[in-house]
Amino acid sequence: MLSQELVAHLYKKMLLIRRFELRLAEVYPTDAVKSPIHLSVGQESIAVGVCDPLAEDDIISNTYRCHATYIAKGGNLQEMMAELYGKQTGCAGGKAGSMHLVDMSHGILGASAVVGTTIPVATGYALAMQMAAKTTGRQRVVVSVFGDGGTEEGCFYEAINFAALRKLPIIYVCENNRLAIHTPLEKRWAKDNLCERVATYGIQTYKIDDADVFKIRETMTKAVEYLRHGGEGPIFLECATYRWLEHVGPRDDHSDNYRSLDEYLDWKEKDQIVRLAAMLDDNTVQRIQDEVTAEIQAAEAFAAQSPYPTAEELYTHVYAS
Amino acid sequence: MSMPANALQGDRVPEEQKGVRLIRYVDALREAFEQEMTRDPHVFLFGLDVDDHKGIQGSTLGLQEKFGKDRVFCTPLSEDAMTGVAIGAAMAGYRPIHVHIRMDFMLLCMNQLVNMGAKAHYMYNGQVKVPLVVRTMIGRSWGQGGQHSQALHALFMHIPGLKVVAPSNANDAKGCMIAAIRDNNPVIFVEHRLLYAVDGYVPYESYEVPFGKARVLQEGDDVTIVAVSHMVMEALRAQKHLESVGIQAEVIDPVSLWPLDMDTIMDSARKTGRLLVVDNAWLTCGASSEILTRALEICQDSEEPLPALARMGFAFTTCPTTKPLENVFYPNSRSIAAQAYEMVKGKGKLWEPPVDAKTEIDAFKGPF
Amino acid sequence: MLSQELVAHLYKKMLLIRRFELRLAEVYPTDAVKSPIHLSVGQESIAVGVCDPLAEDDIISNTYRCHATYIAKGGNLQEMMAELYGKQTGCAGGKAGSMHLVDMSHGILGASAVVGTTIPVATGYALAMQMAAKTTGRQRVVVSVFGDGGTEEGCFYEAINFAALRKLPIIYVCENNRLAIHTPLEKRWAKDNLCERVATYGIQTYKIDDADVFKIRETMTKAVEYLRHGGEGPIFLECATYRWLEHVGPRDDHSDNYRSLDEYLDWKEKDQIVRLAAMLDDNTVQRIQDEVTAEIQAAEAFAAQSPYPTAEELYTHVYAS
Amino acid sequence: MSMPANALQGDRVPEEQKGVRLIRYVDALREAFEQEMTRDPHVFLFGLDVDDHKGIQGSTLGLQEKFGKDRVFCTPLSEDAMTGVAIGAAMAGYRPIHVHIRMDFMLLCMNQLVNMGAKAHYMYNGQVKVPLVVRTMIGRSWGQGGQHSQALHALFMHIPGLKVVAPSNANDAKGCMIAAIRDNNPVIFVEHRLLYAVDGYVPYESYEVPFGKARVLQEGDDVTIVAVSHMVMEALRAQKHLESVGIQAEVIDPVSLWPLDMDTIMDSARKTGRLLVVDNAWLTCGASSEILTRALEICQDSEEPLPALARMGFAFTTCPTTKPLENVFYPNSRSIAAQAYEMVKGKGKLWEPPVDAKTEIDAFKGPF
């Protein structure tokens, strides 16, 4: 039985992501956000299901489509909005923008705009966490999130082979929305059996094809517990999902006709936010919606008021001292 | 070795020309593909997204419909292997055009390009040729940031066996692309996102713009400005600023960075006595250091006086996303004009040029 | 039933490779061959079994350990020896040495010293052959040979995915000697089930674990016929084998103790050259041995007599005209 | 900013020194690893073959026995991902040393090094550091050929965020390695196969050779020779040749290529009036063009006379395997001496220096 508390908690996280992004989409035409935004609208349940079981000192790593995991892992919302506005108070001082969100104090490794790149980096972080656990006694867990396209880059295979060889405490999560920009999976994958392939490395694999936030969360909870307490990694999770909006930018692009509307409608029916809202009483839903609205407004106000970086900041952090 | 500058930026109407019309850079590229693919069945074009409804900013639109899925196709996200595939097909006598939507992604296929593509003809003593075109775009503006804005042509200029071209206008885009497709070597074809929408006079017919010939885009007696890729636009604007204070700048576009036409550059530098190189890239070990060093070597060799020499380029930092910092990361028409002014008027003579009217930089809107 | 003719034919090819390489090892200390030689002694049956079914216009591609396939595919022996001697008459004019043998007139694509690199290149050649067949009507077949180490490079997965997607007329052959330099497979592969993994791309796979030259040849014959006549590629073949000598250089390095002598002795018992010699009558064996000796001597004489390239040749072929 | 040249090539005995002894370059490296791994438990070393019985030419021998399999381990052949792994571990506060047995293989991991390693500190606004050492060897001789002999330091010098060092003697090998391990940035550590067996005086104790300080290895008034990596050996031999005809060459080793100590180089060039840069690499967009361009900029800025400037390096070809062609591919003591001679005596003054005694090049025996 699912507690109302848990449902409310997950609902709020998913709603915060969606509302935040939809607000971004709304603001976008004003050019306040001069950053290429890759929205996760429709995919929120993965980020939330994946991040909820993580401790604050566990690590999440992601690609450019990183708003959802940043928020789900507890990244600072005001600093995120300020980053999108290019402000000095942004999580990366305005230097990174939407595609490179980072918040190390909440275990959010910097995202990368180059597909695949973060997979080995996260793997290296997991190697370090494995080493560290030998002295600290606590096994921190790393989660590496990437799209279906990311699995086509050779570094994915190199990384999972290495992780399996060294039994690293890492969970790989493929957000399979069957699209890379506009190109469907069928034009990129010789065969659609990723889990089977990954399993040939001796890796435990799980496939969740309805984006059910509870299933994802439960699978992750078990995986994290397993790795936390001496279980041998890595673990692989493939989550089917659907991107509602365009690849990059604020638009609904179904009118571009490169993908089927039926699929969209199917997925809309599975929408976890609607589903969870229906599991809660109206008051709770209303309260959460209000909280979410307030948080986003506060973030926006913070971003709007913050100053831009000064020209001298161009030259800070080129080299670490 | 200078070439007649008969088809330039959109705002410069050629004096007497038939068979040309004003089209965008990106359409000029598309025309080059269409003409070459019609001419030679061995030409094919592939890469991520080449066959989607956006067609690489329009440059590949309609080509799959016309030439079929065997000759125009998208690939998985596998830059390294796809580059090897292109090299292998080229060795087999085909003429692949491999498209990268960002120059940054070419870092994934350096091994194939440098260890195989550049070396195969030499290492196998001429038994194979690698007639390959690698299209690659430099990004800029609207928060592209550190990993979507790099201009890495210097890395390729360093490697024997590769050719590197970076046309800055529609006419050269078409002519260089046709020349690149017909060339029997791997050609790194450097495009710039901000140039795509810029119009230029382009002949209908097919023609080659030969490599190793620079273009004098604007004549002038006071200072030579050699500008690379999108910096040509900035240099042309700088030239106008300078004109307003009585300084005549000669603006040169090398067009091809390797082979490099030092003759045209030196002829101009001899005339003006001043050579300013504005690269659309970092300076260290860059095209600008190479051009200046060559200028130096040439002058020493012929015991002629050295012109005043200077270079400008990206700040030696990763490119930041936020506009205020991006603005200071790049050289622009005003900083170029100010530098040229100081070269002409003497050290310490500062001048602040007027603000430009709306440029392609301001006009550029995201998301990408 | 195997014809004596076939046995003699395969025996001669394998013997030529072995004797050629052992002669190289003998000559090596004189420094006539200033090239890093990666010998295939003990592995000859793969090259011969793989290349025998190929037509002259089919293509073989290989790594630095390329002497065996060069010879098996019918590459010019004299030019090969001259190349190793660094002579102008070498198959690459002395510019390539042992690691980059090439003979395009016999369908031998240039080898590469960078592990993995040739796999995508061969794949691209196969793409071209698929295109060409549409006008010529004849499907030429490409074979890409690499070691077990080569399958650890990401480009291997990228290449086979693409080949499977486009159904290319290519046969991938992994010479699995379970070593990369001195590092055993166990330290590099999370799990030893390459064929299973490759099969997840929808690729037909075959595994031959005793290096039996007839089995290899038969498998290849079927594969080549299949691809030649419209069958959909790619095809994957994993051949177990054992490297008798050191990774690079002329020595038997079992005294270095990084690998087990037992394994060596096991493999020596399976030696296909000894096996096939025993299937032939003494006269035939003698005749073949004499022929082989004469061919090698002729190659050596040719190489020794040939001139070195002149200094100007440094600058030829930097760019193709 | 020049540093005392107190521990040089094996054939130069330091005047008064305690606590040093003559060891090979490769052993000096090994000692650096051992001392740093003892000092800091976050240092670990990995890469292909680091734990086999040859131990990367001896430089890693015994380390796994001493520090265990967690801190010294080999990897699959996966340069790209392994570089990412190193970067990730570095971000987590560890100090990985990642070993490549050839610089040529670094072309496989340019994406990780340039797009992540070099940029992470900047792009994430200081939230992470990447204290990573990438060991990489330049190969030469005995038929290594096109893909096993490349020296690609210029590619890394071009990129903001990376440091590049190329020590030429045992003392600097140890001191630079210790400095590299302690540095909080990615350091590309360029070794040269032909230097490994060369002896030098090396202190027993741990010490850092700071980056950005060049070494004057030999003083002289007539011509400055700046030489990179193995070319230092050739330059020192050239210096002897020149001495025999009364020319005193000053030989400078930049040691660190980025940051680059132009002060020491310019002090010397001002004194001698002649600056010859001998790179162990291709010239175009290389370290040599950068050094010459900087010299030019400095002289123009301070309005001082320009010294005579020249550069030498690899032929602009792929490296051939056969000895007679390899011999002409590389600069050597005699071609360097001849070039310096001409700079001193005047254009057209040719001189053929004597043949060297057996050098490390002749001594090198294959297979690799």
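We just call them A, B, C and D in the order they show up, numbering each chain from 1.
Operating definition for what follows: contacts are C-beta pairs under 8 Å (C-beta built on N, C-alpha and C of every residue); 3 or more make two chains touch, one makes a residue touch a chain.
In this text the structure is predicted, and so the values were computed from the model without any measurement.
Peer 1: Could you give the fewest steps needed to travel from chain A to chain C through chains in contact?
Peer 2: The least step count works out to 1.
Peer 1: Of the other chains, whose C-alpha centre is the longest way from the centre of chain A?
Peer 2: With centres defined by C-alpha atoms, farthest from chain A sits C.
Peer 1: How many angstrom lie between the centres of chain A and chain B, each centre taken as the mean Cα position?
Peer 2: About 37 Å, centre to centre.
Peer 1: Counting only Cα atoms for the centres, state how far chain B is from chain C in Å.
Peer 2: For chain B versus chain C, the centre distance works out to 42 Å.
Peer 1: Averaging only over C-alpha atoms, locate the centres of chain B and chain D and give their separation in whole Å.
Peer 2: Here chain B and chain D have centroids separated by 33 Å.
Peer 1: For chain D, give me the residues that contact two or more of the other chains.
Peer 2: In chain D, the residues touching two or more other chains are 75-76, 78, 80-81, 104-105, 108, 111, 115, 122-123, 145-147, 160-161, 316-318, 320.
Peer 1: Give the residues of chain C that touch two or more other chains, as numbers and ranges in rising order.
Peer 2: Residues 90, 95-96, 100, 112, 114, 152-155, 158, 161-162, 165, 187-189, 318 of chain C each touch two or more of the other chains.
Peer 1: Can you tell me which positions in chain B touch chain D when the two form their complex?
Peer 2: 80, 104-105, 107-108, 110-111, 114-115, 118-119, 122-123, 145-147, 150, 152, 154-155, 157-161, 258, 282, 284-290, 292-293, 296-297, 300, 303, 306, 308-311, 316-318, 320, 347
Peer 1: What does chain A use to touch chain C in their complex?
Peer 2: So the residues of chain A in touch with chain C come to 152-158, 160-165, 187-191, 193, 196-197, 200-203.
Peer 1: For a test of understanding, state which residues of chain C touch chain D in their complex under the given definition.
Peer 2: For this pair, the touching residues of chain C are 28, 31, 34-37, 86-87, 90, 94-100, 112-116, 149-150, 152-154, 180-183, 187-189, 248-250, 256-258, 308-311, 313-315, 318.
Peer 1: Touching chain C in the complex: which residues of chain D?
Peer 2: 48-49, 52-54, 74-81, 104-105, 108, 141-148, 315-318, 320-325, 328-329, 365-368
Peer 1: Taking the complex as given, what residues does chain D use to touch chain A?
Peer 2: 41, 44, 70, 75-76, 78, 80-94, 96, 111-112, 115-116, 120-131, 160-161, 163, 184-185
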